[in-house]
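Below is one structure. I have some questions about it.
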Amino acid sequence: MELESLTIGQYEFVQNAFSFGLAVMAATTLFLWFSRGLVTPNYRMAITISGLVTAIAGYHYLQIMLSWQSAFSVTVDTIETTGSPFNQAYRYVDWLLTVPLLLVELILVMKLARGETISKSVWLGGAAALMIILGYPGEVADTAGVRFTFWVLSMIPFLYIVYQLVIGLRGSIDKQPENVRGLINGAAYLVVVSWLFYPIVFLFPLIGLTGGAAIVAVEVGYTIADIVAKAVFGLLILAIAIRKSENETG
Amino acid sequence: MELESLTIGQYEFVQNAFSFGLAVMAATTLFLWFSRGLVTPNYRMAITISGLVTAIAGYHYLQIMLSWQSAFSVTVDTIETTGSPFNQAYRYVDWLLTVPLLLVELILVMKLARGETISKSVWLGGAAALMIILGYPGEVADTAGVRFTFWVLSMIPFLYIVYQLVIGLRGSIDKQPENVRGLINGAAYLVVVSWLFYPIVFLFPLIGLTGGAAIVAVEVGYTIADIVAKAVFGLLILAIAIRKSENETG
Amino acid sequence: MELESLTIGQYEFVQNAFSFGLAVMAATTLFLWFSRGLVTPNYRMAITISGLVTAIAGYHYLQIMLSWQSAFSVTVDTIETTGSPFNQAYRYVDWLLTVPLLLVELILVMKLARGETISKSVWLGGAAALMIILGYPGEVADTAGVRFTFWVLSMIPFLYIVYQLVIGLRGSIDKQPENVRGLINGAAYLVVVSWLFYPIVFLFPLIGLTGGAAIVAVEVGYTIADIVAKAVFGLLILAIAIRKSENETG
Amino acid sequence: MELESLTIGQYEFVQNAFSFGLAVMAATTLFLWFSRGLVTPNYRMAITISGLVTAIAGYHYLQIMLSWQSAFSVTVDTIETTGSPFNQAYRYVDWLLTVPLLLVELILVMKLARGETISKSVWLGGAAALMIILGYPGEVADTAGVRFTFWVLSMIPFLYIVYQLVIGLRGSIDKQPENVRGLINGAAYLVVVSWLFYPIVFLFPLIGLTGGAAIVAVEVGYTIADIVAKAVFGLLILAIAIRKSENETG
Amino acid sequence: MELESLTIGQYEFVQNAFSFGLAVMAATTLFLWFSRGLVTPNYRMAITISGLVTAIAGYHYLQIMLSWQSAFSVTVDTIETTGSPFNQAYRYVDWLLTVPLLLVELILVMKLARGETISKSVWLGGAAALMIILGYPGEVADTAGVRFTFWVLSMIPFLYIVYQLVIGLRGSIDKQPENVRGLINGAAYLVVVSWLFYPIVFLFPLIGLTGGAAIVAVEVGYTIADIVAKAVFGLLILAIAIRKSENETG
């Protein structure tokens, strides 16, 4: 990344975006955990995990924000890089943990048979972890060729997950009560759409997008995608769980 | 802002005001969450959100206070600016998150039909978010013209919200139980009055108010407005929820 | 304050007193909140607020301790002032918030009629806030005359509160169950006696008490007074609430 | 203390002991508070206080550890003192608060009549506080004579407490249910034995034990004594409370 | 350790692994404690302790990560050691506390008779503590001979524990309900297999494995082993407890 090309305004905008991401994740965590009492015990684990995902993300936004601040020395008039690297890889650490959990959330809220829950969690969660692990060597690679190779490898589990969400879960979704089917479909599509952002951004350096504006676009874009994929998604899971709880208790 | 013109006494007074704001927000958060047990489940979400709003504000007062401290180097006898910028934009980050939630609080405590709750939350919350987003480019602008233009744009959703609170919610408020109607009216007017402070202060630099005294007035004024709009408002929402809970259970 | 005149031993004694104050406040907070389950819902709010008061005080003792540490540079053999001011005004920030709440605690534990509770809270709490606000300009004043003037002004609400506690609450106290009347009387007198310390200390600089020993006396004295007025008082309120709960349920 | 005589290995061993102490205290606190649900309400206060004692100790181990780290400048090959003093007096701050509470724990778990509980708590707790207060001037004294004098004075309340635990509580212990008498006796003797460590160590500097090895012995010894007197003792109190709760409910 | 031989990429990979370990431990702690409500009171203590183990590990990963960061000075282009030592001994502090608790977890979830629970906890927990204590002098030793000697001594309690888990607990395991026997066996083997990693790594310096790649292997390997032995194991204990709770209530 060409951190040197950032203006003060761009630096501060990204800093504000990270702080916003941190606040959203922390607030969503608390909201989800306070709302556990609104759903029947069947769905508590889904909500607990939704909150864990945003809690983990909040921790990583704190680390990312600190790393960002330490990479720059800013005064009212000037901005300079300090030489301290901006550790973007915290995102991979975050994803390795949260991306599988996001899929588990979705599976848990469907309340399938125990065996199916476990097998789907293992397959989808495992694919998600593999996707992140395969992306990391590309992210830290020095050459465009290596970067691209790992992008291709990582796309395989990615496409498998997309296929499962769009086609493979069809049967399970159709067995859901009518008044939540729309919401669950929405959650599945939200995953597909918001996740698309990540492999696309990964290609930016390959097509020469690396200046100040590109950095802003990437960091702010990631933050928005994360908020959609974790916080908005978590609230959607809560809405589904509340509605299903109402169905079941009365 | 002309930070250089501040005296030590002014610096410390603002620092004390920020610390006060932080303490008020944190204490209100805890008080609201401890009081969740006093209201029926119907109103818990309103109280949870009231506490989230003050929690988010507490986080931002911490950030603002740290940014303030790092902008000055103070000894017993002297005060100097360090060159490190005072990041006032944390207020915008805060508002983007809390201002929509404040309106959602008010809507939730009315306990309208689910559809109405959602539509009013989306419209009023969306307008509030738009208002803040349109204000930001004006806040960080270099010229008075740009500042003023975004003020005008931001005033459009602002006036829409005021209109809704004063006229649009009339029907819903009239359907509330008699013994809370006064409180809810009070809450709606509290919003209108306390919010007025923000667009007025925004105009200060345009009319040349930027010296030490103006900075003190703005920062202390914001702190008081925030306490009214968030903490006092949150306690009012709690009072309404308690009274409605009493109505419904007894 | 003549911070230069402190010895290492005096510096460390005050530092230890602040750390002690912080630990007492934090521990009392946790104890009070854990004990909420011991009282009937009628008295929970009194206990919640007692704990909030000590929590807020704990936060301010942390700030005071950090400010104290940054004002001195200490080694095994030497002590020097760093020039960084010791911000005693955090006490005022603390008082503005906690002193009204202390009176509200006392009123709540009496369980008067709702109207009386509100009116007494507003009058006594308002007088307490006014007392602190009037004291602040005196505290930061440069001349003895200004200091004395604001002392006089601040004494007016102070004496009003004392009068109310000793005479005005008489009727309400006499209506309390017999086995708690002694405790409530004790709480009212504890307030009067422990509060007396503050306006007296305020006069010290006027009578020339400012050297190292005086600083130690003031800071340690404040800490003891705070512990009595907040922690001991809070535990007394808890004892009253437990006894009244036993009366009412058994 | 002759901090200069420490080797790197000794420095790190003590640092690790402090970190261990901190972790033990924090973990014990959480364990005790999670276990409150296992005992009847009669014994909850004893468990709450046991956890408070370890929480307060955890806070002080953090302060002690930070003070230790700031007293030395360590690299892979060298160790030097920085001149910043190692504030051992945090232990006194800790004791002043926790030693009385430890005796209160023991009294509470016996569930004596209310009057006896209060009088024994006041007498034993008061003696414990006096013991610590009398020890402090000796600890910070410059001459061996003063140190010894305050040791003697502090021993008076110490011996009173030992007497009470071994003889004075005999009658109350004999009235305890048979299946907990052994545990309560054990707890009383644990106090006597573990407390003995403190006045003995206090004499070390008087007999010339001050080099690196002595510092290690004292600091690690204190940490072990603290763990026995607070964490192990607290778990013993929990075991007594659980057993008595079983007796009473079933 | 030859910290000088690390590349920037290796440094960052280890840093990311530590941060990952910290996040996993913290998230598992919260998940376990939130799940206490899913098991009958009989198994709550096992779950509480599982969460304590991961909480303690989280604290130590934080300390390890901070120690790692302070040992290196990194910029975008260069990496240097600062001379500040990387305190690997935090792992021993962690183990001394958590390794006995891990065995207690396993014993508690079996719900043996009280006497057996206590005796097995004392014997297995004691052996585990001894194993760690005997390993420490080897870890900090300067010569290969001393290192090897303590490895041998530490292997004695290690092998005792392995024997107990594979043979000694057989009888107790066979008395478990059929539908959890597999899971408990799995947990016992998971302990054996994951623990093997530690004594093997301990031998690395003896066989000359100390360069950058070896450091990465050791630190990342420890992190993975810790996650398996604490977090995965804790979740397995939870699964056993949930299944046994279902057996017993339904």
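Remarks
Labels for the chains are A, B, C, D and E, by order of writing; each one numbers its residues from 1.
In this text, contacts are C-beta pairs under 8 Å (C-beta built on N, C-alpha and C of every residue); 3 or more make two chains touch, one makes a residue touch a chain.
Quick caveat, the model's predicted, so the values are computed rather than measured.
The chains that touch chain C as well as chain E are D. Under the contact definition stated at the top, the chains bordering both chain A and chain D are E. Rotation angle relating chain B to chain E: 145°, from a CA superposition, given to the nearest 5. The centroid of the Cα atoms in chain B and the matching centroid in chain C are 29 Å apart. As a whole-number value, the distance joining the C-alpha centres of chain B and chain D reads 47 Å. Taken as a graph of touching chains, this assembly forms a single closed ring in which every chain touches exactly two others. Each chain touches its neighbours in a single ring, whose members, counted from chain A through chain B onward, are A, B, C, D, E. Listing the residues of chain A that touch chain E in their complex gives 33, 36, 41, 44-45, 48-49, 52, 55-56, 59-60, 63, 81-85, 87, 89-90, 92-94, 96-97, 140.
Contacts from chain E toward chain A in the complex involve residues 8-9, 12, 15-16, 19-20, 23-24, 26-27, 30-31, 34-35, 37-38, 74-77.
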